[in-house]
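Input: structures, listed below.
Each of the next two complexes has subunit A plus one other chain: subunit B in the first, subunit C in the second.
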Partner chain A sequence: MRLIGLSIAALFALPILIGLFGSFLPAAGFMPQLAPGNGLQVLLSDPRFVPAIMLSLKTGLAATALVLLLTMLTLVCAHGTRLWQWLMAFLPPLLAVPHAAMAVGLVFLISPSGWLVRLFSPSVTGLERPPRSWVIPDSDGWSLVLGLVLKEAPFLLMAAAAHLSTINVSDSLKIGRTLGYSPARCWSRLVLPQLYARIRLTLFIILAFNFSVVDMAILLGPGNPPTFSVFLLSLVNEPGSRAAASAGALFLALGVVSCIALVLIVERVIAAIAGYRRVSGYRGRSLAVFRGLGQTVIAGILMLSVAAMAMLLLWSIARRWRFPDALPSQWTSENWLARSDLLLEPLFCTLLFAVFVVVSSILAAIAWLECERANAVPRLDWMWYIPLLIPQITLLFGWQAMALLLRVDGEWLTVAYAHWVYALPYVVLIMAVAWRELDSNWHSAAAVLGAGYWKILLRVRLPLLVKPVAQAAAVALAVSVAQYLPTLLLGAGRHQTLSIELVTSFGGVDRRVIATLAALQSLLPLLAFIAALYLPRLFSTANQDTHATA
Partner chain B sequence: MFTIFPFKLRVDRLCAQSRARAWRKLTQMLPCFALILIATTMSSQTQAAELDATWDEQLQRAKGQTVYFNAWGGSDRINAYLEWAAKRIKEDYGVTLQHVKIGDIAEIVGQIEAAKSVGRDTDGNVDLMWVNGENFAAMKRNNLIWGAFANELPNTENVQNSPSIKMDFSVPVDGLESPWGGAQLVFMYDSEQLAEPPLSAEELLAFVKNDGRFAYPAPPAFHGTTMIKQLLYELTDQPGALSKPVEEADFDTVTAPLWSYLDELHPALWGNGKSWPPSAETTRQMLDDGELDIGMSFNPNEASAAVKDGQLPDSVRTYVFKEGTIGNTHFVTIPYNAKAKEGAMVVANFLISAEAQAHKANPEVWGDPTVLDVTKLGVDDKAAFSSIDLGPWVLQPGTGKTLPEPHASWAGALEQAWLARYAK
Partner chain C sequence: MQPLKVSNLTLQLPDGSKLCEALSFEVSPGEVLALMGPSGSGKSTILSWITGTLSPRIRAEGRVWLGDTDITFLPVERRCLGLMLQQDYLFPHMSVAQNLKFGLRGGSRKERDELVRNSLNSAGLAGMDKRHPLTLSGGQRARVSLLRTLLSNPHALLLDEPFSRLDTDLRATIREFTWDAARKLPTLLVTHDKEDIPAHAQTVTLTSLGDAADHLSVGETRHAR
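Showing the complex of A and B:
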């Protein structure tokens, strides 16, 4: 049993080490065949280096700060209201939408010729042609920041909502209100400090992601210069630039570390100020206006995401849709039906990876958690967070270098393995909560009745845990479907998944094709989440039926 | 449930040990799977490909091969055309054509160079690739091309005898690549929005300063580089220097008028010289949206397909500058380490067949100009070409003078200089 647990840990941890070494060795000049030259020197002398890294710092930090602010604002302004229930219903599906698809929808929405302007033209704006006052993507990266906020704020909010139950919010609020503090102050003095400590790691994951994102930065970010990670991606493919790209990948990881350090410092400063203000005894006034404003902002952001998704559906059934028409002038089902050849192949390719990742990561997680329960392996929760905190580029440049050396680049299994490494952490972390909370009396009772280990696992434990397992499976599928960089860099272009097709065809700009691909890509995780919600219910009622008849 | 672990172990070992040992391990673990693997490796280990084999021998060896064709995958129409070609090639020759869709073929050149540097001289990932003159020059210089395969293709006899097919960006082709289609830089505009489009670099500047909406993709995007080459042709005092390698010219003197022109042009562009359309296709979409007045393309017939497909208005027209615009030929080539060289030859030969070229020239399919000399073809094939109706939207035959591409070395030098000036 111990052996199984250890091999899972090794299968997971080894590629991370290999990835880091594979980036480090070429950067340091230890792989002169594959990566000749002094990487660091070439990198530093590139005119794009400084502007690109400044841009990434700006967009990464701004997006993360906005995500945190928006989450806090939502908790303070919306918790306990109808809006909160709406959010809890809408956020999980939004969370499941792949980043690339959301980015595409957003472009169609907020461009000068996008839907927002079309809806009000020429009636309100008087415009017969798109305005010239802004362009998308803008050269300062704000459209990228907006895209990141739309995707990452739901992530942090859901993490926060999950932790709210463990810190007894309503009691804290009641005590605060009884003492005469305004609701906002109850949150900021009593709840948020406890909550922040619990969501901090999630925030760091978001920070690392925002700083190093690739697919969304290609679609929504400025192109000249691009963000640092997009710059590195173009560099790694330039002849003779691998050493420089590898050095850049290490820089990227260093950037994440410095950003996290910066957040820790800012956090101390805020904690000091907050500590001082907490004992001031000032109760504050209840500002209903502020609350209303906050709710409007949140509702606006939510509507923006929903509208971006609606754009994908609308364009996917449009034939002709010129500015300033609010809706397409000609509709068609051709984008879906006539192009089914072009859709089915990437769909099949995507599903093949997804099914492999779902099955293998669920089985690995079950095995790992069972080993953990039997005390065959220690709890290694920190280990699962590592690949989420290291920029994907840093690991993947390393994997790609190693794959080239071992001649396994382009192999299906190489790509699937990389997907697995990125899906497993979510699967283990989601399932671990339920696994550890499950009452061990069920197990003991079954054992007393003479059931063996396998029977207990298959007939007692797993049926009781079917809901979290289904949720974890849906997340694993969503992670696999959204993977762009691993498929691109390890796949040698041979594995045309939906996300690869989407980012590639964005350059060809048939909006209807792009929208159809993006809609299809979003549909897969959405269906998986719906299935995860309803299938366990069917399963449990079926189970009860058999018990009833027996 | 534990069957998964040996499977995963294998993956791990693939990364950790040599491939041969991993395969041995795999054979022990999954005998069935291994049998299939052995079967496939054996079938692919035929004797090394030869250029001087007869065509019948090449056809024989090609049968059953899978050709990974790395070609830009950004156009739905081109992708669909290659799907059609794959079907036809499978039917006639038993060769499987797999289109590997890529964003920029220069990256693939880099990958092949990397493969060469680590000694991966056989079983490469790329069997056939779609190149332009700049990639070709780089590949030829670094000996990344298999050989003069194009001279061995039977359909070569019908190819036009034109300068841009003999010299690609002023670099001799020498049979190292096989032509696929013609191209010329053209501009499209909506005749209902714009009565008189600008007909030269100077007119373009005046147009943009007068609130005209224009932008070009930022180099090193292919169309952006072509645009600055085009402007350089018109603006420089020494156009003759462009047909020789850049090292032989006084780069600063030749290009000085270009930079002062661009300094003036950029602030008035869409995006104010800070944001750029990522591709020429984007400018076509922006023309349709009305964000731009002029879109650009390297396909003189692009507007025809776009209008019929609902992507451009019926009032769109195509034109070139008074003094002409840069035109060239695009090619396919076989890397030196390709795995399915015979299959790649079969595909390259099919691509210059009258059937494939006529299908490609149809604007509803792709609308790419042919590289064949139609007068050399038989009656039926001639009819296939003459029945193609391009409509009023495209560049009308005989209206556009073609300028030759500058020597391949200019592209990189111009891109570097452009980036140093404007990518800040």
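Showing the complex of A and C:
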């Protein structure tokens, strides 16, 4: 059993080491046949270097700060209200939407010819043509920031909501309020300091992602200068620039570490101020206006996300939709049916990767958690977070270099392996909670009845854990479907997934086709999440029926 | 200090059953009224209503007064009521002194430090100001929690089974400490253990959930004197 556990850990951790070395060696000049020249020198002398890294710093830090603020605002203003129930219902499907699809929906919403302008034109704005006063993507990267906030805020909020039960919020608020503190002060002085410590790692993952995102930056970020990761992607494709790109990839990782260090310093300062204010005795006043304002902002953000998704659906069934019409004047199903040549191949390719990733990651997670339960391997939760904290580009440049060296680039298994590395952490971490909490007496009860290990696992433990397994499977599928960079860099153009097709087509192809691609890409994880919600119920109902019949 | 008065309190669950009907009582400063009854009889719900933290799903009618002030519709934080629950709820991100200072209202830094030090001394907890709550024993935690409540200068004290989680040996000590500390306040105690009730307390017994006819307090005003 120990061997199985160690093999899984090796299969997971080895690519991370290979990725880091694969970026370091060309950058340091140790792979002259693949990456000639002094990478660092070339990188630093490139005029795009400084503007690109400054833009990434700005968008990455601004988006992360806004995500954190929005999450806290939501908790303070919405927790315990009907809006909170709405958020808990709507956020999982929004989380399932791939970043690229959300970015496309957002462009259809906020661009000069987007739905928001159409909604008020010409009645309010008087516009008969799309305005020219702004463009999307904007040159300052604010549309990218907005896109990142829309996608990452639900992620942090869901993580925070999962931790709330460990803090006993309602009693903390009750005690705080009877001591004379307003609800907002109770949150800021009692709940948030405890909660922040629990969501810090998730925040760092979001920071690393925001700083190094590629697909969303291509769709929503400015082109000149581009974000640093997009600049590196263009660099790696330039002949003779691999060494510089690899050096840049390491620089990107260093940037993430610096940003995390910055957050830790800011955190210390805020903690010191908060610590002082906590014992000052100042009670504060309950401001209903603040609460209302916060709820309005949250509802607005939620509506923006939902509207962005609705845009994809609307454009995918639109035949004729002229500006400034708020809705298409003619509808059609042809975008879905007549373009099947364009949709089916990417769909099949995406599904093939997704099915492999779902099955392999679920099996690996079960094996790992069973090894952990049998004390064959230690708890290594920190290990699963590593690839999520390292910029994708840093690891992928390394993997690509190694794949080129070993002549396995473009192979289906190479790409699938990369998808697996990115899906497995989520699968293990989701399943681990339920796995560890499951009462070990179930095992004992079955064992004394004479059941062996496999029978207990398959007939007792797994049926009891079917819900988290189904949720983990849906997340694995969502992660695989959303993968852009691994497919692009390791696939050598041979694997046209929906993600690749969508980002490549954006800007050059008909809006209706792009919307259809994005809608299809969003539909897959959404269906997976719906299945994860209902299939376990069917399963348990079937079990109950069997028992009843028996 | 002023008396805590509850008049004509009726609590109705979403299914229509009544936890209590027209319950009235008054507790003067220095007196203790104990609400007794089995689990589910509505004792803690009555306390939640008084503190203003009752679930909106439960329908409530009645009035609660502190002296001449009707506090029925005031937000929780403005009712000036001290609440102690089964758990001590010492905040784990604060030291003992910080927990106590969190309860304090106003005063200069020096005054606050002094008050905290004196409180700890009076409770036999001298020198524990910098300790983390998790390093304290159950009895020490209970005392700090009560001190925190008292330092917030409440006008009445509401105790929701505050001794039930303590070891039997410890209970007597903490009970004595509590009744001594609360001697100037009107105190409402919810418990299902007769041992918790001090000798000078009056008792209202809620017998069973939803059985309005059995409520001893229906239509009665019970003064704790």
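As a working rule, the second predicted complex is superposed on the first by the 549 of 550 C-alpha atoms of A that agree within 3 Å, B and C clash if a C-alpha of one lies under 4 Å from a C-alpha of the other, contacts with A are read in each partner's own complex, and residues count from 1 in each chain.
To be clear about the criterion, contacts are C-beta pairs under 8 Å (C-beta built on N, C-alpha and C of every residue); 3 or more make two chains touch, one makes a residue touch a chain.
Treat the numbers as computed from the prediction; the structure is a model and nothing was measured.
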**OP:** Record, for the superposition on subunit A, whether partners subunit B and subunit C clash or fit.
**Re:** fit
Original post:
Just subunit B (first), just subunit C (second), both, or neither: which does A:P47 touch?
Top reply: first
Original post:
Thinking of the overlay built on chain A, is A:P137 touched by subunit B (first), by subunit C (second), by both, or by neither?
Top reply: first
Original post:
Is A:F323 in contact with subunit B, with subunit C, with both, or with neither (first, second, both, neither)?
Top reply: first
Original post:
What is the contact status of A:I273 with respect to subunit B (first) and subunit C (second): first, second, both, or neither?
Top reply: neither
**OP:** Check whether A:M303 is in contact with subunit B, with subunit C, with both or with neither, and answer first, second, both or neither.
**Re:** neither
Original post:
Now for A:R242: first (subunit B), second (subunit C), both, or neither, which partner does it touch?
Top reply: first
Original post:
Is subunit A touched at more residues by subunit B or by subunit C?
Top reply: B
**OP:** Could you say whether A:G281 touches subunit B, subunit C, both of them, or neither, answering first, second, both or neither?
**Re:** second
Subject >> Contacts of A:L17 with subunit B and subunit C, given as first, second, both or neither >> reply: neither
**OP:** Give, as a whole number of angstrom, the minimum Cα separation of subunit B and subunit C in the superposed three-chain arrangement.
**Re:** 44
Original post:
Shared contact residues on subunit A for subunit B and subunit C?
Top reply: none
**OP:** Going by the contact rule at the top, pick out the subunit C residues touching subunit A in the complex.
**Re:** 51-53, 75-83, 85, 87, 89, 91-94, 97-98, 101-107, 112, 148-149, 152, 154
**OP:** Would you mind writing out the residues of subunit A in touch with subunit B in their complex?
**Re:** 4, 7-8, 10-11, 14-15, 18, 33-34, 36, 47-48, 51, 111-113, 128-130, 132, 135, 137-139, 222-225, 237-242, 319-320, 322-323, 330, 339, 341-342, 359-360, 363-364, 366-367, 399, 402-411, 413-414, 416-417, 492-494, 496, 500-501, 503-511, 513
Subject >> Contact set on subunit B toward subunit A in their complex >> reply: 1-2, 4-5, 7-12, 14-16, 18-19, 68, 70, 73-76, 79-80, 83, 98, 100-104, 106-111, 113-115, 117-120, 123, 125, 138, 213, 218, 270-271, 274-276, 278-279, 281-282, 284-286, 288-291, 310-311, 313, 419-420, 422-424
Original post:
Considering the complex alone, what residue numbers of subunit A touch subunit C?
Top reply: 168, 171-172, 174-175, 177-183, 189-190, 193-194, 197, 275, 278-279, 281, 283, 286
